[in-house]
Every structure is written in C-alpha cells, then in structure tokens.
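Two complexes follow with chain A in common, the first pairing it with chain B and the second with chain C.
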Partner chain A sequence: MELHILLIFMIVSALVAIEVKDLLSSVIAVGATGFALCLAFLVLKAPDLAITQLVVEILCLIILIRATIRKDIPLAIEGRWIFNTVATVAFIVVFLFFAQLALKELPAFGYPIMAVVKRYLQEGLAQTGAVNLVSAVILDFRAFDTLGEATVLFTAVIGIMAVLRRPGRKKER
Partner chain B sequence: MTLYLLCLLLFCIGLYGVLRKRNLVKMIVGLGIIEYSMNLFFVLLGYRVHGRAPLDARNQDILNMVDPLPQALVLTSIVIGLGVMALIIAIAIRIYEKYGTFDITKIKRLKG
Partner chain C sequence: MKKALLDNPRCGMSVIVKTITRLTVGLILLYGIYIVLHGHLSPGGGFAGGVIIALSFVHLMLAFGKDFAITKFSPNLASYLESVGALMFLAIALVGFSGGAFFRNILSKGTPFSLFSAGTIPLSNIAISLKVGVGLFAIFLALVILEKSKEEE
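What follows is the complex of A and B.
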C-alpha cells in the first residue's frame, strides 16, 4: 500500500517537473522524485540501493542547480504544436504496445523467479565470506561488472574535463 | 501488477518530457525520470512478499530473502546514471556558454 502512495507521489512530482515553467522549480521537483525513489527502495528491502540513491540524488541536484541557477529564461511559445504532440503521442503508443507484450510474460509481483540467484543465496556466505549478499554479488560473483562500471565512471570524468576545460594557451601576438 | 503499470506510467512521463520539450534542462530532467523508473522496475521484479533484506543472519531461513541480483545490477546502474547525468549537464552548460540559450530550436549552428 505504501508503495502505491510513493509511486503516485513520484508520478505527480514528475509531472510537475516536466510541466512547470521555472527551471529551478523543475530541478527541485525531480529531486523530490528521486528522494521518493529512495524511500521506495527502503520499502522494497534494498537498503544498499537506498543509501546509494540518496548520495547520487544529492550530487545530481547540486550539479543540476549549478547548471540552471541564474539562467531562468522564459520558455518560448512552442511552434508546430500539433505536429510535435502527435509525433510524441504516436511514439508513446508504439512503446506501450511493446510494453504490454512484455507485461504478459512477467512473473506476478512478489513472486520472483530466482533461477540464477538460488546458487548465490546458498553458497554466498561460504564462498565469499560476505554477510551482505548484494556486495557478495557485485564484488565477487560479478566483479568484472564493477570493473566496467569504474571504467565508465572514469571515462565520464575525462569527458567532463574535456568539455568544460578552458583553453590554457594564450594567443601570442 | 498495478505497481508495474504505475512504473510504466512514470516511464511514459519521462519519455514525453524527452520527446516533447524544447528546453535542454527539461529534456535532461525527463531522462532522469526514465532512469528512476527503470531502476524501480528492476527492484520491483526482485521483490518477494514478506521477504527480508539480503543480509545473512543467524537463525533465519535463507530462502525468504528478496532477490539480490537485480539489486546488485541496479546499484551499478545508479552510479553509471550519475556519470551520464554529469556528462550531459556539462555539455548543456557548454552549449549555454556558446549560444546563450537552452532552447534547442535556437541552436542553429548544430544543423549540418
């Protein structure tokens, strides 16, 4: 029940974030969505995810506010209103068609399949010595996944530095 | 099932923001909402009724835990999402410095 309330809150704040005119209000509304997601992870029995989502959400908010502060431009009247809306709705309808095909195949909520993870659950403590099974999976059974994640993160840092760097050399006269 | 549908609705709101809005910051916000809904969907798939968190404890049955595999994958996905978001915002700040606007129809020189 509390999951339904949280999800409806997330949907409302996402609608506010998309539709509000002021950019700073939009960023703060998307922050509200992220913190509701953090609470939803706690309800879903995923404490590691809740902690990570909290930290990541705060960092994202800081970066987004840095991007939008003092750049409050009024949104222009949108041209080609009908064409844009029809194209967007058509795309969403195509997406929903494939989504309902996928929804039929899903297991019922609350009864996961647990085919792969059964071995991890039974042998996790003996093989890795980690009490927390999530960290056993990401740091031992699927350690290369985490290595790839670190690679992606450092690549993103290099990209940010390359994009935001000021040219250091002065022009010689 | 209702939860899956609400999650899908959240995804559609994000998709609408990405496709329909002309402001770069609004598009980034929509991308963030899509990311939230995907992470939530994976964790919803691994939930078990009356389950407990995937931590080993004494005198507890091991088979009533929630599924830890989606949680591990989503942990990776959240951190990568932060990197992607930071890179997108850096590019948006750079575009704003160069063109003085976030409106994608006014950034003319990007057209070929």
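What follows is the complex of A and C.
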C-alpha cells in the first residue's frame, strides 16, 4: 500500500519535472522523485540502497541547484505538440503491449529463481565472515563488479577534470 | 591567514550558517567514517560512507566559501588521495593471488559481529570510500574552480 502511494507520487513528480517551465523548479521536482525512491527502498527493506540513494541524491541536488540557480534559463518547448503527443502515446501503447508479454514470464515478487542466491544466503557468513550480506556479496563474491564500478567512477572523474580544467595560457595574437 | 578567511563576512554565507556549520561539520565527517568502518556489520559501506565524507567537505565549502575549503583540502591532495584509493583497492585484489585467486579473501575471518572481522572486506570498504568520496568532492571542486576562472575572464 505504501509502495503504491510512493510510486504514484514518483510518477506525478516526474511529470511535474517535465512540464514545469522553470529550470530550478524542475530540478527540485527531480529531487522529490529521488527522495520518494529512497523511501521506496526503505519500504522494500533495502537499507543499504536507501542510504546510498539518499546521500547521492543530496549531492546531485546540491550540484544541480548550484549549476542552475543563477541562470534564468527557460525550457525550450517546440511547437508541433500534436505530432509529439501522438508519437508519445503510440510509443507508450507499443511499450505496454510488449512489457505485458514480458512481465508475465517474471517470477513472483520476492521469489528468486537463481539457485546461487540461496547459496549466498546460507554460506555467506561462513565463507566471508561479514554479517552484512550485501557487503559480503559486493566486496567478496562479486568483487569484480565493484572493481569495474570503481573504474567507471575513476574514468568519469578524469573526464570531468579534463573537460573542466583551467584554461591554459592563451596564444598571443 | 586561516582566521581571516574564517571570519571574512564577504565569502560564504551568513553568520548563522557559519556557526551551525562549525557545530555540525565534524559530526557529519565522523558519521561518514562510522558508516565506512562498520560497512560489514550494518547497512552502509564504502560507497555511502564515502559520499557522506564528501558531503561534509561540500558543506564546509558552501558555508565558508571556496578559498577556506581549499586551504583545508587542496586539489592536489584530492587527486593524490583518489589515486591512493584506487591503487589500494587494486592492491587488495592482487594480494589475493597469494591465496590462489584474484580477490581471494586471504585474511582471517575473525568472530562475527566484531569490528575486526571479515578479512579484507573492511580494507576494501576503506579503499572504496577514499576513491568515491574524494572523487565526488573533486568533481564539485572542479565545477567551483571553473566558475571562478570564468568570472576572472
């Protein structure tokens, strides 16, 4: 029940973020979506994800607000709204049709089909010694994934530093 | 020089924000370190704790202005610490070869629910927290420095 309220709230705030004219209001609506997602993780009993989502959301909000607060940029909305609306509705219909076919095949909520999950739950404490099984999975069983993720972040920081570096000495004219 | 930057009314926010920041910024930093060190016992871990540590420095920078924050945490130190975090994580992975495989947990497991347990997992948490926290703070620092250099032009 709480989950459905949160999902409806997330959809509404995402729509507000698209439709509102002011860029700063749009950023704040995106932040509301993120915090509702954090609460949804808590309702689904995933505190690790909830903490991570909360802190990353706060950092993203600070950076986005700092980037948009001074500039009064209006959102550009094209004409042709009839064509855009028809195209969007057609896409949604096609997407929902195939999603309904695909979602029937999924296992029920909370019943994983992979046998390896049971093995992690039963032998995780004995094999790694970590009480927090999420930590045991991401840093022991699936540490390769974490290494890849760390590499992605490292590359992102290097790219941002390269793009945003101080401009070099200008050539004399 | 630091004292002058600290009390300068022209950089940073108002006196109220500065006073509250003085009280809270240490607690936020301490909470981030707690989340990192207890990553194998309670929810959290290296990523979330690292972002909280980065947020404490972002908090300092927003309240006191960029010049004061740069005296506490210079861009050179940030790039140095981020490389140390990445290399430390890779070193933990490579040390696993002495037990036979990449990322093998070679240290002793210890008793469950104690702080020094779970082999290499707390060390990996510390490495990832250094990498993530300093990396995100470096992104913020780069954005602020860009703004500064644009204003100078």
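In this section, the second predicted complex is superposed on the first by the 162 of 173 C-alpha atoms of A that agree within 3 Å, B and C clash if a C-alpha of one lies under 4 Å from a C-alpha of the other, contacts with A are read in each partner's own complex, and residues count from 1 in each chain.
Note that in this section contacts are C-beta pairs under 8 Å (C-beta built on N, C-alpha and C of every residue); 3 or more make two chains touch, one makes a residue touch a chain.
Predicted model only: the values in this text are computed from it and were never measured.
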Superposition on chain A - do chain B and chain C clash or fit: fit
Chain B versus chain C, judged by how many residues of chain A each one touches: B
Partner chain(s) touched by A:F144 [first = chain B, second = chain C, both, neither]: second
Partner chain(s) touched by A:N84 [first = chain B, second = chain C, both, neither]: first
Partner chain(s) touched by A:P47 [first = chain B, second = chain C, both, neither]: both
Touched partner set for A:V134, first chain B, second chain C, both or neither: both
Touched partner set for A:I62, first chain B, second chain C, both or neither: second
Chain B versus chain C as contact partner of A:L15, first or second or both or neither: first
Least Cα gap, in Å, left between chain B and chain C after the two complexes are fitted on chain A: 7
Chain B/chain C common contact set on chain A: 47-48, 52, 56, 59, 63, 66-67, 125, 131-132, 134, 136, 138, 146, 153, 156-157, 160, 164
Residues on chain C engaged by chain A in the complex (per definition of touch): 35, 39-48, 51-52, 54-55, 58, 62, 79, 82, 86, 89-90, 93, 102-103, 105, 109-110, 112-113, 117-121, 124-125, 128, 131-132, 135-136, 138-140, 142-143, 145-146, 149
Contacting residues of chain A [partner chain B, same complex]: 3-4, 7-8, 10-11, 14-15, 17-18, 23, 26-27, 30, 33-34, 37, 40-41, 44-49, 52-53, 56, 59-60, 63-64, 66-68, 71, 73, 75-76, 78-79, 84-85, 87-88, 91-92, 95-96, 99, 103, 106-112, 114, 116-117, 120-122, 124-125, 131-134, 136-138, 142, 145-146, 149, 152-153, 155-157, 159-160, 163-164
Footprint of chain A on chain B - complex, ascending: 1-10, 12-17, 19-23, 25-26, 28-30, 32-33, 36, 39-40, 43-49, 51-56, 62-63, 65-69, 71-76, 78-87, 89-94, 96, 101-103, 105
Interface residues, chain A side, partner chain C - complex: 47-48, 50-52, 55-56, 58-59, 62-63, 66-67, 125, 127-132, 134-136, 138-140, 143-144, 146-147, 150, 153-154, 156-157, 160-161, 164-167
